[in-house]
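Each of the two complexes below includes chain A, the first together with chain B, the second together with chain C.
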Partner chain A sequence: MRRILSSIRDGHGFDILLVAFPLGFLFLMAGLPLIYNAVMSFQEVDMFSLGTFSRPFVGLKNYRDLFAQPETWPILYNTLVFVVGSIAGQFLIGFGLALFFWVNFPGASWLRGLFLVSWVMPGLVVGAVWNWILSGDFGVLNFLLRESGIISGNIFWRSDPQYSLYAVIIANIWLGTAFNMILLSVGLSAIPGDLYEAAELDGANAWQRFWTITLPMMRSSIGAIIALGLIFTLQQFDLFAAITSGGPNNSSNVTQYWAWELSFRQYDFAKGATISVIMIVFVMFASVVYVRSTRHEVRG
Partner chain B sequence: MIAQIELTGVNKHYGNYHALKDIDLSIEKGSFTALVGPSGCGKSTLLRSLAGLESISTGTLKIAGDVMNKVPPRKRDVAMVFQSYALYPHMTVEENLTYSLRVRGMPKTEARKAAAEVARTTGLSHLLDRYPRELSGGQRQRVAMSRAIIRHPKAFLFDEPLSNLDAALRVHMRKEIRALHDRLGATSVYVTHDQIEAMTMADRVVVMRAGIIEQQGRPLDLYDKPANKFVAGFIGSPAMNFIPAQGGQDGRSVVLDLGQPQSVDVGYPVQPGRELTVGLRPEHITLAPPDKAMLKVPVAVVESTGAATYLTTATTPELAVVINGRGGTAAGETVGLDFEPAQLHLFDVKTERRI
Partner chain C sequence: MTIRKFAVIGALALAGVSLMGLSAKAEDVTLTLWSLDKDIQPAPNLIKEFNAQNNGIKIEYRLIQFDDVVTEAMRAYATGQAPDIIAVDNPEHALFSSRGAFLDLTDMIKGSTVIKPENYFPGPLKSVEWDGKYYGVPKATNTIALYYNKDMFKAKGLDPNKPPQTWDELVEDARKLTDPAKNVYGLAFSAKASEEGTFQFLPWAQMGGGGYEHINADGAVKALETWKTIIDEKLASPDSMTRGQWDSTGTFNSGNAAMAISGPWELERMTQEAKFDWGVALLPVPKEGAERSSAMGDFNWAIFSSTKHPAEAFKALEYFVSQDDKLFKNFGQLPARSDISIPETGQPLKDAALKVFLEQLKYAKPRGPHPQWPKISKAIQDAIQAALTGQMSPKEALDQAAEKIKAVLG
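Entry: the complex of A and B
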């Protein structure tokens, strides 16, 4: 007993204790539900068996059924479009802004702070605001596009199956850009200034400096922000609930919203769980990318 | 003399801080020039202005005869070795070396050949595949130098390149840099706050203070004939002793005030009664039998390195004395000190200029 106590006081035991605490917490709050969810995806679940844990195992039946449904592939495709479109938009605009504020004109840091406003707003509020902007008849977006001659007639962003998914993507890009910008700004400011001076004296022009110094030095930041972006877009739920509710006719439905719909609207918990498991695989992949890219910091 | 770098009336303002004041400086082609001065005197600012990393507010800067005031750094064809080395951390040593060639569009095989050649002369051949973080401080320093050498620039600019190295390596690299300079026939400007580095390496030393060039010249000229009290105190180690004094009544001597007055015949006219500061280097003072010596003073501190002994006297102002060997005195004893009157440096009290 004394050995254990002294080991906790001044040795290895303390490290283990420190790690054990968050690990236990994580296991309880995230690990168990995850396992429960995975188990459920192999079971037959209905309203009556919801309360017990011992439900009939059906093997891969849920998965087979899911992929037999006609809407599954379109929704998976929508998810892909949503994730790629959102991340590309958030990253490119965020990186552009980060580079812009990096120039450090008077008031740059103050303005940059203002951008964080979008990030602290709840998704449902953002959704409501974008509902007005995207509105077909009196929306600001249509007004701008019309006045600048890009479109001739109004686009019904939220109710036109061709545009509904993009309506959510646009709102999501707006929501996530600030986060991208802040993280990339941090990455940019961590690049030592004398590298640019050395490169300039070595004869590199601004374009070459960007490609040979900035981008390679930002590799870990970029990897991290894209992995985080993947996780954040895969859990984006509020905007769908607020703007399109996945409709019309699943045209803007994505897996995370569909999983909720199946579980809590249609009470098909097994299918909901099955979709969640598929998503978990993707998120785990993103996590690996994230961990790897933050581990391979290339710094001095 | 061909001027490789020429500054005329150069001023630099940071907002309303006047960092460089009317700098006139001509740097000869093939010469090694050291810029020295205390911290914050504008050495780095001057060097960075040569490189184009800072723009000069007024005046003209010419490199190899061309006005460079508005030319961006990458078109000036000068190379700089930074105190921090500024190696590209995501590139191997070889890629660091060839960077300047590659951005100018040299084919990769040719660039690699050039890198191999430079690496051979600087002893980096076995390190070409390493990343900067895998190198020791001295090796990084070499990479930084090689990166400058590979371009054959019009001038090399060094900003305290040795200050991150330990003392022994610093002494070694001093010789190496100078040898490299001679071999390449380069023009080098070398910033340091270490006057010994400046004295041992340079053909010309430029002493700066508060944005002004106080004196420039050959190292030993600065040592022998410092233009003012600041340069006198800055050049030489340990620093020169300064003693308050007055012109003697006979018009050719000075009266030193070291507690009691001590008249010294200097052998040239000195205005009687003129207030002076007299400088005397510690190494120009010798021990003598007290009864025959010019000064008879008590010793406060004795420090010996074996090769030399450093005495500090218990006088006001206290005097530092360096003697060869062990000296054979102890603190508290009274010793006799002698010096050649010709070794005295006379400065006006008000202007601090040499008389």
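Entry: the complex of A and C
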């Protein structure tokens, strides 16, 4: 007894305690719901069996049914386009802005702070604002494009199946760029200045300095921001609800919105859970890649 | 010293209040009621009046958001914590009654002097029915009709007292009224991929001799073809496919659409915002003399079968129903009853509109009733959107919807 106590105070017991506490917390708050969700995807669930655990198991039926639906593959493809498009846009513009403010002209840090306005706005508000900007008949974006001669007729961003997904991507890029910029700015300022001085003395030009110093030194920041971007885009729901509701004809529907639609619009909880499980698999895969890519990182 | 004195007085007062509270609770039957009505809407006010009667029944009110009504209610029922009374959207009524979650009120209604089935419009009444029994009482009702801008009719040489009567006339008039140079569309409506889309399309299908059980009837296909013509020729904004009725009618109010299909919930805003002469007409029919139909919206009262006080809960419903005649005056909602004449508001445009809506209500048909309504509705929404975006022909889209609905109906 005493040995156990002393080990807890100072020894392996303490380590175990340290590990057990967050693990227990994670298991309770994230693990159990995840497991419950996975179990639900193998069951037949309706509104009236929601409150009980003993529901009939149906094996892989939910999965088979899901993939038999004609809209499943297009929606998975939309999700891919949305994730890749959003992350690429957010990252490239965010990185560009971070480099721009890194020049440190007068007022740079102030202006950089102001860019965060887009990030602190709630998704539904952003959605409502973009709803007006993207509106077909009286939208600001159409007005600008028309006046500058880029388009001749209005583009119905929200209602044309060819554009609807991109309408949401544009809004999402706007929403996430500032966050990318801030994290990347932090990464940039952590790079020691003498590295650049040395490189400059050795005659490296700006492009070479960027390519051989900035990018390699930013590796872990970039890895983190892309992993976070993946998480944020996969949980982006408000913009879909506010701008297109996944329409028209599912052309802008993505898995996260579809899961909600199935569960809480059609009360098909099992299918909603099934989609969530598929999403979990993808997120797991992405996080493994992320963890592996930053494991050998040595911070400069 | 003084602080102590206050503390003692305070404690005494508290004790007194809680004692009184306790004694009141011991006698009263307490009911819980859930609805989505906010302060200025019927439920909380009716409850206040009901509680003021001090008849031994107290109602506690809980506000739930529109999106949460069904899920909250289901979860509560499944875990044995359902309220005694709930207001539920009419297409979702059957979901509960078919599973025995709502109390069968047929016998109580038979013995009631206040609630009489013959007083109700057939549409709303049918929505509370399941298997020939009554599982609720209509709370209020609404429907859709055609709003039109009389000034624009005049400007385009159309007779402002002859709104379109048939689908062909509607399309014809819309063509004449559409004026891209002035940013004016002929018509505003909603074909959104949500319950609103079904709400707007189903009456057309029903007028064409279809219905949710045979959504691919020839008349229903014709209806969708008419919608497609309207969208393809840009007689209505392509954004109709992602816009709800409220936003669509907003473009009518601002003079960017010459006609709009929507319900009486627009009247208040329209009287304030629309700076032109407008009128309301019955929904156009496929051809002259064809059967009329319209959508039917709004909520129903129901009592959960798990209630411990069915008699008291029914008494509360009787009180609510007895106040139906003030529903429009106080809250701007239409009672679901044909025996109540709604007093004039003094605003001629509004009064004329009301008459049309009350006439239209006679033809209003419920969505369903069917316990799997959301799935049926989804199939219809998919068909509308597939056809209007040109990914399928109206016939193909409705055939596919019929197939999906058949699978649901079993």
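Here, the second predicted complex is superposed on the first by the 294 of 300 C-alpha atoms of A that agree within 3 Å, B and C clash if a C-alpha of one lies under 4 Å from a C-alpha of the other, contacts with A are read in each partner's own complex, and residues count from 1 in each chain.
Definition applied: contacts are C-beta pairs under 8 Å (C-beta built on N, C-alpha and C of every residue); 3 or more make two chains touch, one makes a residue touch a chain.
Just so it is clear, the structure is predicted and the values come from calculations on it, not from any experiment.
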After the match on chain A, would you call chain B and chain C a fit or a clash? fit
A:266 in the overlay: touching chain B, chain C, both, or neither? Say first, second, both or neither. second
Under the stated touch criterion, which partner chain does A:41 make contact with: chain B (first), chain C (second), both, or neither? neither
Under the stated touch criterion, which partner chain does A:236 make contact with: chain B (first), chain C (second), both, or neither? neither
Angle at the Cα centre of chain A, taken between the Cα centres of chain B and chain C once the superposition is applied, in steps of 10 degrees: 150
Pick one for A:248: touches chain B only (first), chain C only (second), both, or neither. second
Looking at A:49 after the superposition, I want to know if it touches chain B, chain C, both of them or none. Which is it: first, second, both, neither? second
With the two complexes superposed on chain A, say which partner A:156 touches: chain B (first), chain C (second), both, or neither. second
Which one hits more chain A residues, chain B or chain C? C
With the two structures placed on a shared chain A, what shortest C-alpha distance in Å links chain B and chain C? 51
Where on chain A does chain B make contact in their complex? 192, 194-195, 197-205, 208, 212-213, 216-217, 219, 298-300
Contact set on chain A toward chain C in their complex: 47-52, 135-138, 156, 158-161, 164, 243-251, 264-268
Show me the residue ranges of chain B that touch chain A in the complex, using the header's touch definition. 51-53, 72-74, 76, 78-80, 82, 84, 86-90, 99-100, 103-104, 132-133, 147, 151
Note: in the complex, chain C contacts chain A through residues 67, 70-71, 74-75, 77-80, 95, 99, 101, 183, 185, 192-194, 237-243, 251, 256, 374-375, 378, 382, 385-386, 388-389, 391
